[in-house]
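Below, subunit A partners subunit B and then partners subunit C, in two separate complexes.
Coming up: the complex of A and B.
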């Protein structure tokens, strides 16, 4: 068993890289069956009347983008394909989230033939605290934004903003969250006082934290990481990047599981032989 | 194989490889990418602070629009630097007191609605295995954190702590599993960028 203790970590990295790279390039085509939480998110969005206005909160930055961009793209595609209109915003602290929103909305808007100002608006980001900005937006959406969108255009010139004066004019808030501020701020400052339905997605690591809020009804639905994005792609019948990497994710997790089992066998045998105490 | 003509994609791809080279061992390429990132992040923060906070509040609002009431929060903010002076350090307590008051007020105003909903949701019928496990887990975990009781407390507390410890370990296991999934997702997202957007072989 000493051989298990002497394995160079770089060999483990190489095995993991091969395990995820091969199915990425040559997918096995494992089927993805959407979970109940993802179906719930889809159902909430699917039931909205056409033309409803939804706010999508891009509360993540490039550090979480490899995991959350596919989810954001899948959700925005779903919203646009249901003919819903989108206002994007990023909570204080996620200044780079506004850039993520800009990149993704521009890409999907071209795909779906949507127009800026009529079908979507990017409010951008404002400095401050969510505890101040979100309640202020509940009273007047324009004031905390200084009356302009992310690109400096006056909000009064944008057709979509004619009917949206405050947060309670929205039919739904969809969040893509990777930390703090995130869904807890929306629950505290928007859901509880105004009862605007709230759905969204987090990184996989954030999912166990978010689940109790969904169980209590404070979140109407929650997606977790790349798997959540793949579920939405299946439900919306719009395959994207998340589905292409699902095989690789499954194999990668199996390899890590194998490493964990081997490591523990090595540890237990060494301990049994008296090499390790405790 | 066709390559993306975008210079930005090429720079991002090459920098990614430089960062990943750390997995082999520490090397000058990794260091160069790390230093470039730190420098860019610092410069970006300074520019962002000026454009999003200092210029709109001081130049546009205070000086141009004449909103002189903004002098009060500015003065409050400046007082925090009094902590560098032995003689006037006490002045820094004023903005700290303001900040603490704001924090307490915010929590008192908004948290009860959130927490009480969670508490109410834990009042469940014990009519299924899942609900019984959930109930035992909640009670056990709370009793694990009753530090005011002695370690050799009565049997219910001891059993409660035992259940609480195992509940916490299961929760940490779930968190660890999700953390691994999250990291694999991040790796895959990035490989998607390298193979797809950069090398176009995906």
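Coming up: the complex of A and C.
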């Protein structure tokens, strides 16, 4: 077997680590050209009238946060920049998503001068199944939440909730999804019965599964992983962490490609030598 | 003892058919009763957490007491479980201590675990993507095109053609394949649901021979 075919995995790990770490410390500032899917997400948000109320569903936990937090921050920044108001929620199974929402909304609300209760509300998370919770929220938003927000404040005391009684009062749902439950639950239990437009983003690995739903028109737009977040930062003209990380992702993927090429050269050489001997 | 087997199946059948019918027939009292059933479910689901926590505590306490295999991990689990619970109840989820633990311990640990996937994926790709056959060659070229098409450096090197090709691969062959899988899974889920409602599938009831 050729040496190129059996490079020690520790060497591969080290090279990959260096390739990812170096651009994080010294970014190259590569230019990002947004793709058509990201432009579609931006267009849907951009066309909403000022003051519209949007639900942002934080359906991920800290495991996916390194990939999805930049997307969540970019989307929340964009929504607040357009003077849209936000209600956050996490589907059953994503109890830690409510914590992600709390952290990100607090950070961006301070940046944009937005106030809790007027410009944004965190509904938190409820135990159960999306098949039960989402249809119940379609009838009455307060009942499945037991009438309180994530912090135990009565929803009747929050000004934003005066206008929002049920899901159909929302103008858009934006999801940040990293698995199940995710966009499929929103399509089945919210989009299909109520036809509320649905956009969002997934981890890069979730993008191929989301594509058929976008082609069918059930998802109005979808972002994939860090690249999707970087695209939104470019379109919104609000550079953030995703654009910095794109350099690291670029170099990391090129290293993987390089190892693929080396492995295959080694494989071809071995086969050729075997053929000569045979 | 026949009723012990039949009663859960009858409850599943009655509740299942009721919920399915109430989705399509919006005549009172079906919607109201369906809403009540939903509330019962939410209460049960919340209570299941308490039962789960009690069971977890019992199992790991027994392990710690008997000094079973890897018992220190059980101790860590119990300390984390009750420590974080106490923190949440005393300083609230808005407290700085709760936030600190969430961000610097839970977030860092889970993020690190997930990040390891990048290294495992790279290693697996290096060992598996060999052009041994025509199919393997197509797979490798497709993977390479999609990777290059999704990174700015790739765009700079390869120009606009590779991103366009990557987008086409995702939009057309990928969508076609994913649709086939999704439709197959949906038909399978439907068949399993009918089997559960009819009592032919009993795994959800638990126990031997369920």
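Keep this in mind: the second predicted complex is superposed on the first by the 265 of 278 C-alpha atoms of A that agree within 3 Å, B and C clash if a C-alpha of one lies under 4 Å from a C-alpha of the other, contacts with A are read in each partner's own complex, and residues count from 1 in each chain.
We take it that a contact is a pair of C-beta atoms (placed from the backbone, for glycine too) under 8 Å apart; a residue touches a chain by one contact, two chains touch by 3 or more.
Because the structure is predicted, anything quoted here is derived from the model rather than measured.
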* To do: Label the relationship between subunit B and subunit C on subunit A in the superposed model as either fit or clash.
  => clash
* Tell me which of subunit B and subunit C touches more residues of subunit A. => C
* Just subunit B (first), just subunit C (second), both, or neither: which does A:182 touch? -> neither
* To do: Considering only the touch criterion stated at the top, classify A:192 as touching first (subunit B), second (subunit C), both, or neither.
  => first
* With the two complexes superposed on chain A, say which partner A:217 touches: subunit B (first), subunit C (second), both, or neither. => first
* Which superposed partner A:25 touches (first subunit B, second subunit C, both, neither) -> first
* Touch check for A:13: first (subunit B), second (subunit C), both, or neither? -> both
* Asked: Looking at the overlay, what does A:256 touch: subunit B (first), subunit C (second), both, or neither?
  -> both
* Which superposed partner A:144 touches (first subunit B, second subunit C, both, neither) -> second
* To do: State whether A:245 touches subunit B only (first), subunit C only (second), both chains, or neither.
  => first
* **Partner chain in contact with A:201 - subunit B first, subunit C second, else both or neither** => neither
* With the two structures fitted on A, what stretch of subunit B runs into subunit C, 26-34, 98-106 or 188-196? -> 98-106
* Just which bits of subunit A does subunit B share with subunit C as contact spots? -> 13, 20, 64-67, 126-127, 204, 207-208, 212, 215, 224, 227, 249, 252-253, 256
* **Sites on subunit C touched by subunit A in the complex** => 35, 38-39, 41-42, 45-46, 48-49, 92-94, 99, 102-103, 106-107, 109-111, 113-115, 118-119, 121-123, 125-127, 129-132, 140, 143-144, 147-148, 150-156, 163, 167, 170-171, 174-175, 178-179, 182
* Asked: Once bound in the complex, which stretches of subunit B touch subunit A?
  -> 23-24, 48, 52-53, 56, 106, 110-111, 113-114, 117-118, 120-121, 171, 174-175, 178-182, 184-193, 195-196, 201-202
* Structure fact -> The subunit A residues in contact with subunit B across the complex are 10, 13, 20-21, 24-25, 64-67, 69-70, 95, 125-127, 131, 146, 184, 187-189, 192-193, 203-208, 212-213, 215-218, 224-227, 241, 244-245, 248-249, 252-253, 256
* Once bound in the complex, which stretches of subunit A touch subunit C? -> 7, 9, 12-13, 16-17, 20, 30-33, 35-36, 61-67, 92, 96, 99, 102-103, 126-129, 132-133, 135-136, 139, 143-144, 150-151, 204, 207-209, 211-212, 215, 224, 227, 230, 246-247, 249-257, 259-260, 263-264, 267-268
